[in-house]
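Next come two complexes built around chain A: one with chain B, the other with chain C.
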Partner chain A sequence: MSPRPGFILDVDKSTPPSLFWHGEGFRLEKLPVGSRVIYPPEALDPLKDPLGTIAQALEHPVGDSSPLSSLLFADMRLTIAFDDLSLPLPSMQSPDIRQMVIEQILDLAAAKGVDDVVLVAALALHRRMTESELRHILGDRIFDSFNKMGRLTQHDAEDPSNLIHLGLTDKGEDVEINKRAATSDLLVYVNVNLVSMDGGHKSVATGLASYKSLRHHHNVKTMVHSKSFMDRHNSQLHSSNWRMGRLIKEAGVKIFQVETTLNTNTFPDSFSFLQKREWEWNLKDRTGFIAASTALGKTPPWLSRKILHSIRSPYQLTGVTAGEVEAVHDITIENIYKQQLVEVRGQTDILTMGLPYIGPYNVNSIMNPILVYCLGLGYFFNMYKGMPLVRKGGVLILSHPTRREFDPTFHPSYIDFFDNVLADTTDPLEIESKYESAFATDPWYIHLYKTGHAYHGVHPFYMWYWGAHALDHLGAVIILGGDPKTVHRLGFMSASTMSDALEMAQSFVGPDPSLTHLHSPPLLMADVK
Partner chain B sequence: MEYKTDRIKKALSSSVPGFPFKAPTWPTTVSRKPKHSRLGADYDTEWSRKYPVRMVRALFLDGVARPLIKALIPPTVFGEDRLKDAPVPAIFAANHSSHLDTPLLASHIPLRYRHKTVIGAGADYFFDRTWKAALWSGLAAAIPIERTRVNRKSSELAESLLKEGWSLIIFPEGGRTPDGFGQSFKAGIAQLAKKADVPVIPVYIKGTYDALGKNSRAFKPGPTSINFGLPLFMDAGEDVRIFAHRIQQSVDQLSYELETDWWTARKAAAVGMTPELTGPEIKGWMDEWRRTKSKATKGPSISRWPKTD
Partner chain C sequence: MKALIYERNVARFAATKLLGLAARPKISISPLRLVDIDPPELPGSDWIRFYPKLSGICGSDLATITSNSSRYLEDFVSFPFVLGHEMVGEYLSPDGLMKRAVLIPSLTCEVRGTTPKCRFCEVGQPQRCQLLHLGSIAPGLQTGFCKGTSGGWSQELIAHKSQLYDIPDALSDEDAVLLEPFACAVHAAMSIGDNLNTQVAVIGSGTLGLLTIAALRALHPNAEIFAAAKYEHQKQMAMLLGATTLAPGDNLYRQARTIRGSQMIAADKPADGFGIIFDAVGSSATIEQALRVAAPGADVILVGMPKDSRIDLTPLWMKEISIKGTYAYGTEDLEGERITTFELAARLAQKLPLSKLLSATYRLDDYEMAIDHALNSGKRGAVKIAFDMRKSHKRESWSR
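Entry: the complex of A and B
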């Protein structure tokens, strides 16, 4: 049976309560009659022969590109860059798709006698990955072959000796990227395209860039005008990256892009209830839900986090495309839309969504309040094409405990951002002008980023900017079940029950509002007409 | 007036949490794909006719059910001599007043039929849950009979079993009497007898309505009677509706025989004056009023303590 497309449910009296993620737990909320619930399409059928398809893609590239084997030669400098652990979410079951692709690239390189090969994790300003994380992404065979020779590296955006300035775009944007990658005879970039934002020119222009380069698109003005940053043709973030990417190509950097798409088979069988529509839950799903929610509710947050972060997703490959960046990306976007796009008619007064325990920036770590903000107002709010799901001046209700918890190893600058910056203002523009530079150039944060496993000092600012478009668009944000003090610091309101939240929302949108619930997991993108 | 059982049911349902502890309700806005059911008339009862299951059932029927029936609703069996030379297999067609009819008849039909007999049971009532279907097919060798609509599957199953040598107990009224009076027999039984080419043995059961009628609130132990009639064969060229009527008339006669005596019943039958089990024809509310007089509301029974009389 072919997978069912996305679906919009009109809630009636016999509709069972809807599932909401609530951080490390879940909520079941009875939504008012007349509400809409947007359900994602079912997981697409995977490729029958993933390894064969990868080999085929490398040998039959799209766009203006020769087969990979013909681009390889004995004395060349080959750099293979790959996405870091922020993709996919949760981390996928072994073997990771990056391992499967890179092993084949290395086989081809070995056959051609290419000796000078370096692997670079495209971190941008993300934290350095640990050995076990790298082993999970690349597999033991690659890790052991390259790490001890110093040929497995993680991009350092603060290492001037390994950065090269390639010029300015016609809009005056600095293009400064990883020197090894830029000066190689061939740069192969291996992507995991979980959402439509990923990949394209953004891979190299962001993943291998320096702060000097990133600040041109990771800023409030660009983000407010990216409507949305999941829709490339209406995203200034992507326009900037595309300008930079074209300049990189003009500067002579030869890129062979590999993009991979996954289906939305996100959780293993024991969490099957997360992937199903509530009225289709069978006894096993209901038992699984009761067991999981009771167990997670009774364990302390650190333990439930540990349990949940140990989940490995059974994602399956739905597409592999290789070749010239733009031609590859066009096909990738089509594949992603095929899996995630749901057509929705009209906007809503109130948009509700549950936020999970994991986002791109807290893999194996804590979802701190700033990341809650970013996941809700940055990522989930922007999962649209056309226009936002919620109308201008509408209300967003997020469900998350939003505790004042931080990981000092991974997110040191976030703590200061929360305590000092947000105590002063929550206005993105003011934050950017008053505080960004000090955090971005702070030597201690730079030291932690370069030598430890810390996100760059400027990273919490970027998180705040990710939500700038939503902040500009929304009338109010309510966090259901959120810690009141913490939520207040974010500039939002907290409500302990859904009916309280709806009552509060009515003071912004008027009586008898329309309500839409974005049901996840798995991920979906609304095509709002 | 709210009965105690209703109050208990209400209390239980209010204390049981809803979804996800209960199965979810289906939104009316979502069309439901008809699910391939393995229950009702589609339930596969073949396992219940395997030898090990038959052996266990025989032990249960003779070792548990029969003694229990004898102790609680002791039956007097009449007309067993009429079945001495009756062919095997056959269809036993009886009036239906109570759930007790099934174990009573199944445990008291002649021995040469008893352990190779299936019982036609309402698919919608006895086979609507997996546990019920397994219980009834295992314990009573029940097979599902569709009562509410025509279903070829259930009639084909019954026919094939009859052809394989299994006898069948069936209640052609299609359900228990709600008021003690009999109901018209459905013609399906005659059709089945014709197709399988087996005789129909009419049976009249008395006393089970008083013990546990359809609307009884409590079980009242008491004596019962079973009266077996002569096997009926379908005449060549006989219409199935006429044969069905003949079966019903035979059961009426067996009933009248127990009310009076064999000779009186035979005389009445000869002149077509056997009273029908279905009772007098209802022409107006007054007839129904009189007919149901025995069910008139009685005053509340007041327990007194200490007893004064």
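Entry: the complex of A and C
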């Protein structure tokens, strides 16, 4: 039976409560009659022969690219860049798709006698990964072979000796990227395209860039005019990356792009209820839900986090495309939309969503309040094409405990951003003009980024800009079950129950509002007509 | 007259020390008692009778009641004494009118009639006087710690004429009762000179911390003042009185790093920090925190009365920090003008909302409740608690 497409449920009296993620736990919320619940399409059938499909993609590239094997030669400098652990979410069961692709690339390189091969994790300003995280992404064989020779590297955006300025785009944007990658005879980029924002020219132009380059698109103005940043053709974030990508190509950097897509088979069997629509839960699903929610509810957050972050997702491959960047990405986006797109008629007054324990920037770590903000107002709000799911001036209700908890190792500058910057203002433009430069150039944050496992000092600013479009669009944000003081610091309101939240929302949108619930997991993207 | 008297009672002192004094029922075991006694005799013609209207409860009073004050001070008090040294009250002037005044509680050479005066009193630095056992009255560093004078927690005491500071009409009783601690804060703020070119941290946002912020703001208008405040009402008051930035909880360590764009060696060990730190608490923990958030070469100024402390002084040595105490008030040099600290404090106070710090007042009869409130002021959203001798009714009143 082929997977069912996305579905919009009109809530009536007999509709069971809807599942909401609530950080390291869940909530079941009875939504008002007349509400809509958007369910994602079911997971697409996986490719039957992943390894064969990868080999096929490498030898039959799209666009104006030659087969990978013909681009390899004995004395060349080959750099293989790959996406970091921010994708996919949660981390996938071994072998990771990047390992599967890179192993085949290395086999082809070895067959051609290529010795000078360097792997680069495309971190941009993300944190350096730990050994175990790298081993998970690349597999032991690659890790052991390359790491001991110093040929497994993680991009350092603060290492001027390994950055090269390739020029300015026609809009005056600096293009400064990893020197080893840019000066190699061939740069192969291996990506995981979990959502439509990923991939394309963004892979190299962002993943291997410096702060000097990134600031041209990671800023408030660009983000407010990216409607949405999940929809490339309406995203200034992407327009900037595309300009940079084309300049990189014109500068002579030869890129062979490999993009992969996964289905939405996100959670293992023990969490099968997360993959199903509530009215279709069988006894096993109900038992699983009760067991999981009861156990997690009685477990301290740090332990719940540990348990949940140990989940490995059974994602399966739905597509591999290789070759010229733009041609590859067009196919990738088709694959993503096939899996995630749901057509929705009309906007809503109130949009509700549950936020999970994990987002791109807290793998193996704490979802701190700024990341809660980013996940809700940045990622989930922007999961649309056409127009936002919620109308201008509407209300967003997020479900998350939103505790004032931070990981000082991974997110040191977030703590100061929360305590000092947000205590002063939550206005993205003011934050950008008043504080960004000091955080971006702070020597301690740079030290921790370069030598520890810390996100760059400027990263919390990017998180705040990520939500700038939503802030500009929404009338109010309410965090259901959020710690009131912490939520207040974010500039939002907290409510302890859904009925309180709805009552508060009505003071912004008026009586008898329409309500839409974005059901997740798995991920979906609304095509709002 | 009614008075709250503190007696030398080893058993009660030990019991209080042993049990601690966190809750009201235990106040009854302390050596503090409400008694009916005769007013003290005037020791000379320069002395007059003073009638307190409002009398504050200070941290040093609480340290005494809870048996937590330093044994160093034992030779500078005489038992039994009536507590209370922060007060506004009235006295009969020679022209037969009742005048409002704040009492300057220091019992130094001039007050004691000691001749010749000590070298500090001679040059207008009575706060440094150590001859607090000589002269016409019993030993005692201040009114409120001296057997012969009575104290502010009573209906009547005696004061030397030099102790009277007539207050302008612009200051209400509620403002004026805070003038004595404010003068302490002004003296502390004056101790750093007038070339303030560094960031300042104030640890503690009780009465003295908040008043130090106010004094710093008034005397150093461009100062960047970081306030470490625990409770919400303290944060609001710190900002109202002139703090630039709030540093909640452990954040002071991170602030110390951030202001200099420096590094953190460990979570509580910034590599650089504040140039001047005022510790308005005086506990081991806050003094250690001050030393840790201090920049190399910084000055740490102890405004609050320190307790018996066990402190790791390694950062003081390693960072070449200077630690300095400031006590009470004397004479200040303000842009070439010699002025008493009290006069300067009174001038500044007229532009400040000091009375907002007075959170509650109690009758002497309700002293257990009053002291309990003062001991738990932070938790209970209060700053300064005072006794109100104007009151005849029983229930507490709130000024805010």
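Of note:
Please note the rule applied: the second predicted complex is superposed on the first by the 529 of 529 C-alpha atoms of A that agree within 3 Å, B and C clash if a C-alpha of one lies under 4 Å from a C-alpha of the other, contacts with A are read in each partner's own complex, and residues count from 1 in each chain.
As a working rule, contacts are C-beta pairs under 8 Å (C-beta built on N, C-alpha and C of every residue); 3 or more make two chains touch, one makes a residue touch a chain.
None of these values were measured; they are calculated from a predicted model.
In the superposed model, A:Pro408 makes contact with chain C only, not with chain B. Touch counts on chain A: comparing chain C and chain B, the chain ahead is B. In the superposition on chain A, contact is made by A:Val11 with chain B only, not with chain C.
Using the contact criterion defined above for the overlaid structures, shared-chain residue A:Leu28 touches chain B, although it does not reach chain C. Once the two complexes are laid over each other on the shared chain, residue contacts for A:Trp279 go to chain B alone; chain C is not touched. By the document's definition of touching, neither partner reaches A:Ala291: not chain B, not chain C.
By the touch criterion stated above, chain A contacts chain B in their complex at residues 9-17, 28, 278-281, 283, 286, 289-290. By the touch criterion given at the top, residues 408, 412, 415-416, 419-420, 423, 438, 441-444, 447 of chain A touch chain C in their complex. Remark: chain B residues 19-21, 23-30 touch chain A in the complex.
Those residues of chain C that touch chain A in the shared complex are 245-248, 251, 254-255, 257-258, 261-264, 267.
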